[in-house]
C-alpha cells in the first residue's frame, strides 16, 4: 500500500484487530447481573493509564456522574477521546486525569464559551495531542466496531489536521482517487449514559445516537450508566428498541440524573446557570479549588452533587424546560 | 496501493463516490408528497438496465408486491444484488428480469428448499455472476453509505469466493496485515418494505434491520412500500424511531400485506403453503406458466394476488401465526 | 437403546459440543436444532445469534429462515446483519455450524457450483453468510452426512474457508488469527484436525460404525486419532426433546 | 433605516444566501441564527442538519449545543453523527456555515492553535465537525468579523480546508470534487473566490463601508469584483424576526 501522505501525530492505541479479538474472546457472553455502584464500576474498570472514551456529545446524554467519579478517584495518566468533549472534558481536566488526547473538539462548551481550566491544561505542555475531526474519530470507532484496522474517509486531505493526526493517505485501487485511512480506535474503557437498561446491560436510549453505537461496539470495557433500570422482560418485549446489547457491557449503574448538569433528552434540560458557574469559577484558582471540593471531592456521589445544586426542585425545573412545558411552540 | 490479490469477477457498478455525489446532488431535498401507486413508482423509477436491490431478507420484510410489479411490467436487463435473496429472487427469476447478479445467497429458500426456476435461470448461462458473501455485500453497501469507494473486511481471503468476486486484497499500512477491500455498491434503484412511513418518505420498521439502513443510504433511487401511511406529526413526535429519512426516498407506496407471502414482523407470518406451491409448480413449465398468469400477469395489483390466495381470512390466519396467538410459549 | 436416524444423531452429537455460556452463529435446519437442543440440555445459557440480526432470542419454535420473526422473538436485541457479522469479526462469537455440498480434508466447503463457474453443471446458493461465519467465528463446525459425494479430494469451488491448503496456510491467508475449523460431525463419526498438517482426523465413531465405514464413505484419506472414542448414542431424553419440543413437525429430523 | 450591530448584519446577509429547499449543516450561534432566519424569510423549506444527528427539526428556540434536544425537536429523524456526516460525504448537503480564529485568502480556516502545536500559545477547540463539513458539503460559507487578526496571510494551523493553496490544489488534494468555499460574510462585506486563482474577492460592500475599509481590515490583498454590489441593509422585518423570534435573549446578537 503506497502511502501518499501520513500524519506525524502519535497513535495512542494499537489498531490491530487480532489483538482486540483476543481480548473480546475473553469477555463473558452470559447474561449475568452486572448492576453495581458507579463507584465500584469506576474503581474496577477504569485503571490508571487506560484510554477512556465518553459517550454522548459534550453535555448531551453524557455520563457526567461517571466523569465526577473518575476525578473523585483521582485516576491518572488516562488517554482520552476528545470528540466534541465539552463539559465532560472540563470535569476531567479539573482532575488532570488524562495526559494524552485525541482531539476533535475540546476546551469549548459550544455557544457557552471556553473552559479556562481545560484550556490551561491543554496549553500546559503536559498533554500529548493528536488531531482529528468529529467524523474522523467516529470513523475510527466504526473501524474498530467492524473489527478492521481502518476505514477510509474523504475529509482532512490537504490540511494540518491530517498532518498532526495519525491518519494515512493512500490511492484507492478501484478509482485511483486519494482516500484517508482512519486507524481503528479500541478504547480500553468507555462510559455511555442511557435512558433505560436491564440488569444484564441491554440498553436503549432516545434521541440522537451521536457515535455511541460504534463506541459501544469498539470498547474493550463498557460501563453503562442509566436513568432507570428496567426489567429484562421489557427488553424482550421490544428487542427492536435495544441499541446496545448486553454482551458488550461490563457494568450497569443506575444513576438518575446521571447527565446533569447536561441535557438528557426527554428527561431534563441542561442547567445553564450551573454550567456558567463552572466557567466563571475556573478563572480564579482558589475559588475553583473550593468549588471542586464542594461539588466533587466532598460529595459522596452524584445524588449529593445534585442535592448541593438545587435538588429535586431544580430537577423538576429542568424537566419542565426540556419538555417546553411552559412554552407554546 | 499494492494489490496482493484480486478477484476476476466483473464489477457491475462504478464505486466512484464523486460520480455518486454528482447524482445525489440532484435529488430534491424538500419534504414533498411522494405517495404514488406502486405501478407508477416501478414504471417511473425502475428502468431497463438498472441495477436493482431489494430490502429485507429473502422472505422477511421483503417488498414482494414490488417484485411482482417489476415482473408484471416485464423489466429487462436489470442488475441484481442477490444478498440472501430467496422468494424475491424466485419471483424476479420467473420474469427473467435480470441478466447480471452479485451473489451472496441465491436460488434457495433456506429451510424450504431450492427454487427450480431460479436454479435453471442461473444455470442457463444467461446470467453474469460475481460472487460475494452476505457480509461482503453488506460492507459494499456500507462503503456506499459512507460515500467512500471501499471498506475493508477480513473475510473471504484464501477462497474461490474472492477469486470470483471483484474485491482486492491489500496490506494494511498500520498493521501489515492483509485486508480485503470491498468496492462500494450504489444501486440505481432499491425497494424497501416498512411498517410505517409518512407521505414524505420518513420511514420506520420494527424487528431486524438486515442491511436496509445502509441500502437506503447507498441507493440512488429508493422506493418505499409501506404497510401503512402515517401522519407526519407522528414521525415528528418520535424522531428517534425514524430509520430512513425522507430525503433518501423517491416514492412512497402504501401496500398492505406488501411482503406477502413472506413474513412481516409483528404483522403476519409467511404463507408456507403458498411458498411450497411456488416451489412445486416450478417443476412443470406449463403449470408454472399458468401459475404466473394467475398470480402475477393477470393480477391488477397485490390486492388481487392476495384475494386469489385466501384474501382477508388468510391474512388473519397469518397474523395469528405471527403473533403466536394460539400457541402457548 | 432407542432407534434414531442419521439426522438425529448428528444433531445430538453436535449439541454436546457447545459449552454453556458460549456464543454461536447458526443457520436454519440442523444447526439451529443442535443449538436449541444444547440450550435444553447441557448449555442452558448458550447464546444464539442469527446472521440477519437476531441476538439471543427465546425461540418459540424452529425458525424457517434466519431472518424470520422467531429469530428475534423475546430477544436481547433485533439488530442488523452488520451487528452480527461485526460482532463475529471482533471475536465475540465462539462457534458456528455450517454445511455444504462438498468438503475437503482441510474442512474447506463448497456451496457455490459444481463444474464451471460461468455455466455451472449445478448451481448452489453460494456463500450466504457461511464464508463470513467461517472467517470470523473462533471455531467453525460442520454437520454433514458422510458420503463420497460430499467428502471430496478437492472441492469444485472453495466457497468457505477451512484450513485452506493445511499447515500454516490459513494463518498466512490474512483471515483472523486463531479462527478455523474445529469439528466435523457426520452421521458416522466426529472428526477434528491434526494440529500441524490441519488434515481431517477421526476422533470418535458413532454406534454401529467402524473407522473403515467412515473411510469408505470419504473421498480422501482420513487420519485417525491415537485413541478412537465411541460416540455415546443419543439418549432417550435428547431424542424426546428433539422430537417433541424442538422439531415436532419433523422439518429437520424428517429429512 | 434601522440600527443594527455587526452580528445582526452578518446573520441577515448570510440568511439571504440560502435558497429554498437546500440542505445546510450548521453549528450553534450565528450560523444557526442565519439558517433560522432564512426559514422565516426566503427559504421556508430550508433543511437544517446538526452534526450530532438532528435532521430537519422544527426549532422551538435557538439550540445551545449542536447535540441538545432542540436540534431534533419535532425532527424528521434523530439520527447519528454518522448519518449526518455520511449524508454530507455522499453529496446530500448543499451548504455549511463555519467560523474560525483565522482565515486566509483561500478560505482556509484555523480553529486549532496559535503558535507551536506541541505547546501552543493559544489552544482553540480544534476542528470539531468543521473540517468534515468543509470537506464534504458542496458550498462552505464563513461568517466572521472583518479584522486583521482574523484575516491573515497564513493561518498558524490549517484546520479546515478552503481552496488550500489556490488554483487547482483543492481539486488535486483528494477532497470530494466540486466542493469548496463559496462565500465569506463579514460585518463589512461579502467575498467570493476568483474562479481561476481561488483568491478571495470582494463582491459586495455593506452599508457604511468602502472597499478600502474592507482591505484595511484584512491581512492580505483582496481581489475586487469588476462590479461591486451594495449589500442591502437588514430590513425591519429581518431584524424583528431575529430579535423577537429567533434570539430574544440576545445569546448571539448580543455578543
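Couple of notes before you dig in:
Letters are used for the chains, namely A, B, C and D, taken in the order the chains are written, and counting of residues starts over at 1 for each.
Throughout what follows, contacts are C-beta pairs under 8 Å (C-beta built on N, C-alpha and C of every residue); 3 or more make two chains touch, one makes a residue touch a chain.
In this text, all values refer to a predicted model and were calculated from it rather than measured experimentally.
Taking the CA centroid of chain A as reference, the farthest chain centroid is that of C. When the interfaces B-D and B-C are ranked by how many C-beta pairs touch across them, B-C comes first.
Annotation: 40 Å between the Cα-based centres of chain A and chain C.
In this assembly, the C-alpha centroid of chain B lies 28 Å from the C-alpha centroid of chain C. Inter-chain centre distance (chain C to chain D, centres taken as mean C-alpha positions): 58 Å. Multi-chain contact residues of chain C (touching two or more other chains) are listed as 58, 72, 78-79, 82, 89, 136, 176. Looking at chain B, residues 17-18, 146-148, 153-154, 177, 179, 206-207, 240 sit in touch with two or more other chains. An unclassified topology is adopted by the chain contact network, corresponding to no line, ring, star or complete arrangement. Contacting chain pairs (ordered by label): A-B, A-C, A-D, B-C, B-D.
Those residues of chain C lying in contact with chain B across their complex are 27-29, 51-54, 58, 60-61, 63-69, 71-73, 78-82, 85, 89, 108, 112, 117-132, 135-136, 157-161, 164, 169-170, 173-176, 251-252.
The touching residues of chain A, counted against chain D in their complex, run 56-61, 82, 84, 86, 103-108, 110-112, 114, 119, 122-125, 129, 131-136, 138, 142, 153-161, 164, 169, 177-180, 206-214, 263, 265-266, 269-270, 272, 322, 324, 327, 329. By the touch rule above, chain A contacts chain C in their complex via residues 17-18, 20-25, 27-31, 144-148, 200, 202, 217, 235-237, 239-240, 242, 245-247.
Listed in rising order, the residues of chain B touching chain A in the complex are 1-3, 11, 15-18, 139, 146-154, 168, 170-175, 177, 179, 181, 183, 206-207, 238, 240. Those residues of chain C that touch chain A in the complex are listed here as 20-23, 45, 47, 55-58, 72, 74-79, 82-83, 86-92, 94, 136, 138, 176-178.
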